[in-house]
Structures are given as structure tokens and as C-alpha cells.
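What follows is a single structure, and I will ask about it in a moment.
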Amino acid sequence: MSLSWLHMSIIIFFISGALFAAAPFIASMLLATRAKSPALYSPYECGMDPYGSAWTKFGINYYFYALLFLAFDVDVLFLFPVATAYADGAGLVPFVKLFIFIVILLASVIFFWKKGVFTWPKRIRF
Amino acid sequence: MPSQSLAYAVLFGHVAFIVVGALMTVLSQNLVRALVGLIMTLFGVAGLFFLMSAPFIGLMQILIYVGAVSILIFFAIMLTQSWSSGDEAQGPSRKRAVLASLTALAPALFLGLTIIFKSPPSLLVAEETEVSALGRFLLEPYILPFELISLLLTVAMAGAVILGFERRKQR
Amino acid sequence: MNPPFGIPPELFTILLALGLLAGFVGLNGLVLVYLERKVAGHIQRRPGPFEVGPHGILQPLADALKLVGKQLITPRGADKWLFWTAPIISFAPVFVLFLPIPFGPVLTAMEMDLGLLLILAFAGINVLALCLAGWSSENKWSLLGAARAVAQSVAYEIPLLLAVLAIAFQFGSLNLSTIVSGQGAWPWQWNIMVQPVAFFIYFVCALAETNRAPFDLPEAESELTAGFHTEYSGMGFGIFFLAEYANMIVVCAVATALFLGGWNGPAAPGVWWFLVKVYLLLLVMMWFRWTYPRVRFDQLLNLSWKWLLPLALINLLVTLVLVKI
């Protein structure tokens, strides 16, 4: 186990970011007006009483996009360590290896584009 | 390098953060709150990777789990009715809770015993691996797994197509 | 400089950097609010804020005071606990984002080999905060805004990563200082001349990631009231706003370091060149906001998945060829 200054500074910066954001709230609690009225606490819905809860089910399309993102994200992130080692490799061999990787990515992008996976549906039926 | 006692303080801070997050995940009535607990846990684990001198893996943990997987889970939660007033908010039965905790404890016990009795020498003296060394590993000895990663995307999208898009066409 | 009280010198550097950054982020919030309103005003042929102080220069301070003085209202039915942590989560990673940014030859909070990855990793936390804010408000506009924010940032993250990767491949490093010192003093020695496509992709994605017009769908006021922060009054809104401005600075600073030569300049390289370039990019962002109409949601997603993504992949391939030749 070893603690690096990098880790220490991330922790310190993160916590102070949270404190920096919390301080105005505390100031606000001390200074702000305190009005009370049932209408004040009603959720905003263009002036009407809210109809039903906002916590409803959502379309599955968002889920698909998140799934695509996850798959892509993992793929692309593996390229980051490779990027630092790429220039050191001798000759064209690293290039060919990466060429295969990226062409597979590109091919699947084009294939699924043609399949219509990237198209946001105009009408969503349930 | 900061002192060793500070390192222990940070370690226990992380462990506390992880445990609180985990308890929140398990005990929360509300799935979105459970997700927040899960994110806390994953974040704390990233910190543990930093403590093990693997900052690259720690950042990957944040990028993939906090940045991507938790978003996927958020949209998955949005497909359910699981807030405390929703249809799916009832807790599990006693028997299932016991079975679930046993299932969770088994790998923890196994891993703990392995580490106690067969600890690798690198456990105590963590050594930082350069990112470029990792890249070289991916390019030279582990080139086949690396190339297969790119297929992962194709497979995942094929899954998405089969799950949603083909069925939509049929209607 | 010897730190007082026997503090380790590294810790002293960290704390000094933190103090400077806190000042910079706070001041920058005020400057950008003023700048944005002035730019908006002049583009629409009106003077903008003019009453408080000479040329309205004290307007942002008055705004800040007004925000502090406003009541913090938790809407009925909201998840109170998540509702108030969301703005804090949104702001918490901001300082970490500034950690590896090379403001000047010595003015870097922390030299690290993984600087780029650190920024990308912690930038992703903001979207989670938007998610939680939108969900916990129990308001339909908020929830729609949150869903849009997530779908948008998810779509534009991949081309952004690929554009950044092109630079990483070119320099064989993820350290921002190394990338900056690899570029020359004159504009034609900057990366933007070598990687114009990557810069274009990066900048478009940066606009989308910071929810700036023409990609401001998560807070589109004409359709969603205010999107994910509809229910936030006073300081709740203020903190989201501050975090957004800080994120704008971060994306512009990364663009400056990656593509515009960082602190390099034709004469007297230093932090001023860096700040000049960052604020010029910010002005361009504001100019875009008052020039382009907002895109539609399907256009937004199509632009990313169908055009930017293949373009970024091809750009990466070309970079790979050029590095090896």
C-alpha cells in the first residue's frame, strides 16, 4: 500500500470542491427569506396543479443509447494505454495491429448505421 | 511520499466510504438512492486502486463504472416502477435475503482467505506500472485479446438489435 | 520558497494551487456571467447590463448577492436528500479537473502522466449530478431535461475521446505538459494545423458536453422551462451555473493545451498566452450561442453517431498512418 501525492491531491481537491459548493448554501440558509405557502412548494407545471407523479417509466430508446455508449467506451478506452506505446514499436507491425482494431470498429459502425440502430425513432410505440 | 499513518487513515476512509455506499445500495428502498450508493462504492474502489499504485486502473474504474455503467443502470431503473411508492418496491422475503447474503459472502470469504494464506509478494510493496508498459503489453504479448475487444462492440450492438429493434419492426 | 510550519513542500504546493484555483473559479464565474450578458447584448444590438457600476461591471456581484438571498425551496414530493446533494456533486469534481492543466511552464498544480485521463474521468461525474437533479425534483420537465442531458453527453463522449486519442497517438503521451511543450511558438506550429479535423470534432463535442447552445437541449428554456434545474431556486441554480462555467473553462483549457499550443506564444511564453487563448475560445462559444438555433433532439443524436463518430475514427486512422511515416 502506498499513498501518492497525486491521490492525496485528488482527495483534497474533491473534498474542497464539495465544500466550496456547500458554503453558499449555508450562507443562503442564514440570509435568505423564509416564506411559507402551500403553493410555494408545489412542483412547477406551468401554473397548474401537477397531474400525477413525474416518476414514471421511460422509453427504452435511452437505454439502447447508453448500451451503445458503454460498448464503445470500453473499446476506445483500451486505446489510451496503446497510444503511449504506439510510437515506440518498430516498423509497421503496430500499425497493422491497430488498423485491424479500428477497421473492425468502423465496419460495425457502418453496419449498424445501415441497420438503423443509430436512428432515433420518429414515433415510439409501446 | 506522505507518511504511512496518513496512508492508513486514507485507506480506512476509503473503506468506510465503500461500506457506507454498499449498505446504502442494499438497504435503500428507492432504486435511485441505491444507485447513488453503488456509485459511492465504485468511486471508493477507484481510490483503492490508487492506493495500490495503479492510478491508471483507478481512472479506468471511474471512466467505465462511474461514467458509463451507472448511466446504463440509471436508464434501466427508469424502465421500472421502483420508487418507494411504486409497484416494485416490496422488499424480498426473509429466505431470499438470507440466500442472497450467503451468495455475497461466499466469494468475499474465498478471496479473503486466499489473500491471508497465499498473499503475493507484491501485496505489501506496490510497484507502479507505467501506462506505456501497459500499452506495450497490449500490443505485444496480449495482442489477440486486444483485437477481440473490438469485436465486443459488434456483439453488444447485435444484442441491442435483437432485443429491441427487430421486435419493433415486427409490430 | 520554503513552506512555513514544517508542512511538506508537496502538500504546500497542493494547498497553494487549491487556493489559487478557488479564487480563479469564483472570479471566473463572475467574469463569464458579465461577458456572456454583454456579448448577448451587443449581438442583439443592445448594451446589456448597464446600471450597476460603470458599464454594469458590478452586475454579476449583485446577481450573486441576490442568489444568496433567495429562499431554498424543496418542492413537495421531491427526494429531499438527493435534491440538495445533486448541485454539490455537480461542483465537487471541478477543482480536480484543473489539477493537471498546464497554465504555464511552472504553473501546473500537479504534473502527471495520466493528466488527460484524469480530466476525462472526473468530467463524467457532472452528468450523474444532472441525472440526480432531474430525477429527484419530481418534476416532468426536470426528468426530461435529465434524460436529454445524459443521452447527449453519452453520444458526444465517444467522438471526444477519439479526437483526444488522435493527439495522444501523435505525441505518445497523456501528459498535457508534454503535449504543450511539443508544440512551437507560432500558430503554424500548433497542433490545430496538423489536426484540424480533430480540433473541429473536439470543439463540437465540447459544446455538447457543456450543454452550450446550439446543443443546450437539457435546459432548453423554450420547451422544458429550464430542464434539469427547473425546481432549483437561488443558490441551487447558482451552483449548477458556476459548475457549468467552470466546465466551460476546463474544456477550453484542454483545447488550448491540445491544439493551440498552450502557454507557447510568439513572445514571452507564459500563463497570459494560455488565458488569452482560453478566453478567446470562450468568446467563440458565446458567439455560437447567439448565432445558431438549437438543434432538434434527433438531429443532435444523428450528428454525433452518424457523422462525428465515423469521421473521428477515420481521422484516427489517418493519424496512425502519419505517425508511422
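Letters A, B and C mark the chains as written, and numbering starts fresh at 1 in each.
By our rule, a residue touches a chain if its C-beta (ideal position, glycine included) is under 8 Å from a C-beta of that chain, and two chains touch if they have at least 3 such contacts.
Being a predicted model, the structure only gives us computed values, none of them experimental.
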Which chain has its Cα centroid closest to the overall Cα centroid? A
Ranking chain pairs by contacts, what comes out on top? A-C
Between subunit A and subunit C, the Cα-mean centres are separated in Å by 14
Could you state the distance in Å from the CA-based centre of subunit B to that of subunit C? 27
Taking each residue of subunit A in turn, which ones touch at least two of the other chains? 5-6, 8, 10, 53, 55, 58, 62, 66, 68-69, 72-73, 77, 80, 83-86, 88, 94, 102, 105
Residues in subunit C with touches to at least two other chains are numbered 11, 112, 117-118, 135, 147, 150, 154, 157, 172, 174
Multi-partner residues in subunit B (2 or more other chains touched) are 2, 55-56, 60, 63, 67-68, 71, 74-75, 78, 131-132
Contact set on subunit A toward subunit C in their complex: 5-6, 8-10, 12-18, 20-22, 24-25, 27-29, 31-35, 40-46, 50, 53-55, 58, 62, 65-66, 68-69, 72-73, 76-77, 79-80, 83-88, 92, 94-95, 98-99, 102-103, 105-106, 109-110, 113, 118-120, 122
For the complex, which residues does subunit B have touching subunit C? 2, 30, 32-33, 36, 39, 55-56, 59-60, 62-63, 66-68, 70-71, 74-75, 78, 130-132
Footprint of subunit A on subunit B - complex, ascending: 1-2, 6-7, 10-11, 47, 50-53, 55-56, 60, 63-64, 67-69, 71-72, 74-76, 78-81, 83, 85-86, 124, 126, 131-136, 138-139, 143, 146-147, 149-154, 156-157, 159-161, 164-165, 168, 171
Spell out the residues on subunit C that touch subunit A in their complex, using ranges where they run on. 10-11, 14-15, 17-18, 21-22, 25, 67-78, 84, 87-96, 98-99, 109-110, 112, 116-118, 135, 137-143, 147, 150-151, 154-155, 157-158, 161-162, 165, 168-169, 172-174, 225, 230-231, 234-236, 238-239, 242-243, 297-298, 301-302, 305-306, 309-310, 313-314, 316-317, 320-321, 323-324
Can you name the residues of subunit C that touch subunit B in the complex? 8, 11, 79, 81-82, 112-114, 117-118, 120-122, 124-125, 127-128, 131-132, 135-136, 147, 150, 154, 157, 172, 174
